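Shared chain: chain A. Partners: chain B in the first complex, chain C in the second.
Now for the complex of A and B:
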C-alpha cells in the first residue's frame, strides 16, 4: 500500500456562522490533489486544520504520517505552505527573505532557488512592497519550493496570476512531482488548472465533502445526454439522471453515473439519444454543487 | 484529456517520429513534460496498450509495439474514423449513398485542382 501524505477522518469543527461536518480526505504520496469549492465552502478552514493552525472538535488528522496538531513542529519541517494572505516584510528585498528562510531550513537548495528566480522572472534586489500581487505570489512560491518540502499545501496558488505566470507555476508543480515521494494539495476556483494537473479531485461545499475521487473516474462518470422525445412520450425517471431540463421535444439530462446501459434504457423507452457529451470540470462542478444543495434541502 | 494524449502519441507513431521497438518516456516524465497529471497520462498509456500500440514491461518502461506497419494501420484507423463520421453526417442529412459518393469525388477533384 502506498503511504498517505494526508489523511483526514471525520473531522468536525463548529464556528458561529459556519461548520465543517464529517470531513474525510486521503491523498496518496506522489499525487496531486485539486481541492475545489465555491467561496466560503470551507477550503481554507480545512487547510488550516491540516496545518495544525486550528484544532478540530473531533476526528483525526494525519499529515506525512504525523498526528496534527500534536506533532506539527516535526510535520512543518517537511511541509511547504502558501496562502494568499501570507505576509512578507515590505521593507526587505527578496534576497533578504531567501537568506532568512535558508537560515531556518537546512535543506534549502540554493541552486534550485537560482533556477526559480530565473524561471519566475524575479529580481532578488527588489523591495517586496514594490511588487505586484502576482509577482509577490511567485516570490512566496520560490521561498517554499526551494526548501524541497515533501508536501506542498497551497491555498489558491494561481489566483491573480496572469496566463503566462500560471503556466510557469503549474509546470513547476509538475516538476516537483517528478519525485514520486512528494505530494501537493492545492485549492483553487480555477477548474481549468485543476483539470490539467490533478490526479485526484475533491469537491467541498458548505462545510461538507461532496465528492472525492480520482480525476479520470470523475470525468468518466459525468455526461450530458441530448434526447429527442417522441410525440406525447414522457421521460422515464431514472435515478442516474440528476438534472433534467426540457425544451419542447428536446431534453437535456445530466448524469454522474454514465454507462452505455443508461443510453440503452432511453432508447428502449422510444427516445432518440441525439448526442452524448463529455463535460468539462467546470460544468461538472456547477452541476455537482447544485445537485448536492437540492439533496440537502430535501 | 487522455484522448488528446492518445491522439498525439498515435500521430507521432503514424508519421514515424516514434519507431517500433523504441522506448517512450515514462508516465511521470511525460506528465512533467506536458504539465498534465500523472493519472491522465497513465490512462492514455493503458488504453494504447489495450489497442496494441505500445507495450509496458514492468520495471523496464514503455515501448512502441514491434508490430509491422503500425504506422500504416494507425493511418487506416484514422481514415476509418473520418469515413464513419462522414457516413453518419450524411445519414443525418438524408443523403443517399450515391450523393455521398458524388460529394467525395467532387472533394477529391477540388483538392487536386487547388494543389495544381
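Now for the complex of A and C:
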C-alpha cells in the first residue's frame, strides 16, 4: 500500500459565515493533486488546517504520517508551503532570506538554489520591496524548493503570474516530481494549470468536497452528447445524465459516467447521437459545481 | 532544533528592527544633549525624549507584529518548522528585546546626565525613572493588544489611550503625590538629582 502524504478524515470547521463540512481527502506519495474550487469554496481554509494554522473543530488530519496540528513543527520540516498572498520581508534582500532559510534547514541545496536563481532570473541582492508580484512568487518558490521538501503545499501559486512565468513555475513542479517520494497539493481555480500537471483532482465547493478522483478517470467519464430527437419523442431520463438542455429537436446531455452503452441506450430509444464531445477540465469543473449545488438545494 | 529556530526568529526580528533601535538611541542622545543646553532646551529635549520612546514602542509593535500579520509575511514564518505558539513567543521576546535594549541604554544615559549635570530641576531622577517605567508599561500594553487582536480599531484605540496627554497628565498627578516625590517637601529640599547632593 502506498504511503499517504496527506490524509484528512471528516474534518469540520465552522466560521461565522462559512463552514467546512465533513472534508475527507487523501493524497498518495509521489502524486500531484489539483485542488480546485471557486473563490470562497474552502481551499485556503483546508490548506491552513493541513499546515496546522487552524485547528479543526472535529476530524483527523495527518500530514506525512504526523498528526496536525499537534506535530506541526516536525511535519513542517518536510513541507514547503507557498500561497499567492504570502510575503517576504520588504526591507531585506533575497540573499538575506536565503541565508535565513538555509540556517534553519540542514538539507538546503545550495547548488539547486543557484540553478533556480538563474532559471527564475532572480537577483539575490535586490530588496524584496522592489520586486513585482510574479518575481516575489518565484523568490518564495526558490526558498521552498531548495529545501527539497517531501511535500509541497501550494495555494494558488500561479495566480497573477504572466504566461512565461507560469510555464517556468509549472515546469519546476514537474522537476520536483522526478523523485517518487515527493508530493504536491496544488490549489487553484485555474483549471488549465491543474489539467497540465495534476495526477488527481479534487473539487471543493461551499465547504464540501464534491468529487475527488484520478484526472484521467475524470476526463474519460465526462462527456457532452449532442442528440437529435425524433418528432414527438421524449428524452429518456437516465441516471448518468446530470445536466440536460433541450432546444427544439436538439438536446445536449452532460454525463459524468460515459460509456458506449449510454450512447447505445439513446440510439435504442430512437434518438440520433449527433456528437460525443470530450470536455475540458474547466467545463467539467463548472458542470460538477452546478450539479452539486442543484443536488444540495433539492 | 525548535529552540535554535526560535533564536533565529528573535535575531531576525531584532535585525529588521535595527533602524528603530539605532535611530531611537541617536534621538535620545540628541535630546539629552539639547536638554542640557538651556531651560528651553530642557523642555524641547524632554519632549523629544518622550516622543522618541513612545514612537519606538509603537514602531516595534506595529512593524514587527501588526504589519507582519497584515502583509502576510507571518505566513512565511509559520511555514518554518515551528508551532504557532512558538511563533508568538518568539515575537514577544524579540519585541521586548528591541524595546528594552534602547530603553535600558536611554535610562542609563539619562540617569548619568541627571546625576552629573548641575542646575537640573530637583526631583528629576525619580520622576524620570517613573516616566520610563510608565513608557515601558504603555509599550507592554500596546504589544499585548497587537499580539492578541487583529482589530485595527482596538490597536488604534490602544495607541490613543496609552499615549494621550490625559493619560500622561493623570500619571503626572499621581507621580507628584507618590511617596517618593513627597520626600522633597518633607525634607525641605530634593537631594536625588545631583551627584554632589548624593555624596554629601
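Observations, loosely collected:
Keep this in mind: the second predicted complex is superposed on the first by the 298 of 298 C-alpha atoms of A that agree within 3 Å, B and C clash if a C-alpha of one lies under 4 Å from a C-alpha of the other, contacts with A are read in each partner's own complex, and residues count from 1 in each chain.
Criterion: contacts are C-beta pairs under 8 Å (C-beta built on N, C-alpha and C of every residue); 3 or more make two chains touch, one makes a residue touch a chain.
Note that the coordinates shown come from a computational prediction; the quantities given were computed from them, not determined experimentally.
Chain B and chain C, once both complexes are superposed via chain A, fit side by side. Touched residues of chain A were counted for both chain B and chain C, and C has more of them.
Using the contact criterion defined above for the overlaid structures, shared-chain residue A:196 touches chain B, although it does not reach chain C.
Of the two partner chains placed around the shared chain by superposition, chain B is the only one that A:31 touches, whereas chain C remains out of contact. Of the two partner chains placed around the shared chain by superposition, chain C is the only one that A:69 touches, whereas chain B remains out of contact. Of the two partner chains, chain C is the only one that A:52 touches; chain B does not reach it. In the superposed pair of complexes, A:77 makes contact with chain C only, with no contact to chain B. Of the two partner chains placed around the shared chain by superposition, chain B is the only one that A:175 touches, whereas chain C remains out of contact.
In the superposition on chain A, A:126 makes contact with neither chain B nor chain C. Measuring from the middle, so to speak, at the Cα centre of chain A, the directions to chain B and chain C differ by 150 degrees in steps of 10.
Once both structures are overlaid on their shared chain A, chain B and chain C have a minimum Cα-Cα separation of 26 Å. Contacts from chain A toward chain C in the complex involve residues 51-53, 69, 72-74, 76-77, 79-83, 85-92, 100-101, 103-104, 140, 144. Across the interface of their complex, chain A is touched by residues 2, 5, 8, 12, 15-16, 71-73, 75-76, 78-84, 86 of chain C. Residues 1-2, 28-29, 31-32, 35-40, 43 of chain B touch chain A in their complex. On the side of chain A, the complex with chain B involves touching residues 30-32, 167, 170-171, 174-175, 177-178, 180, 195-200, 214-216, 219.
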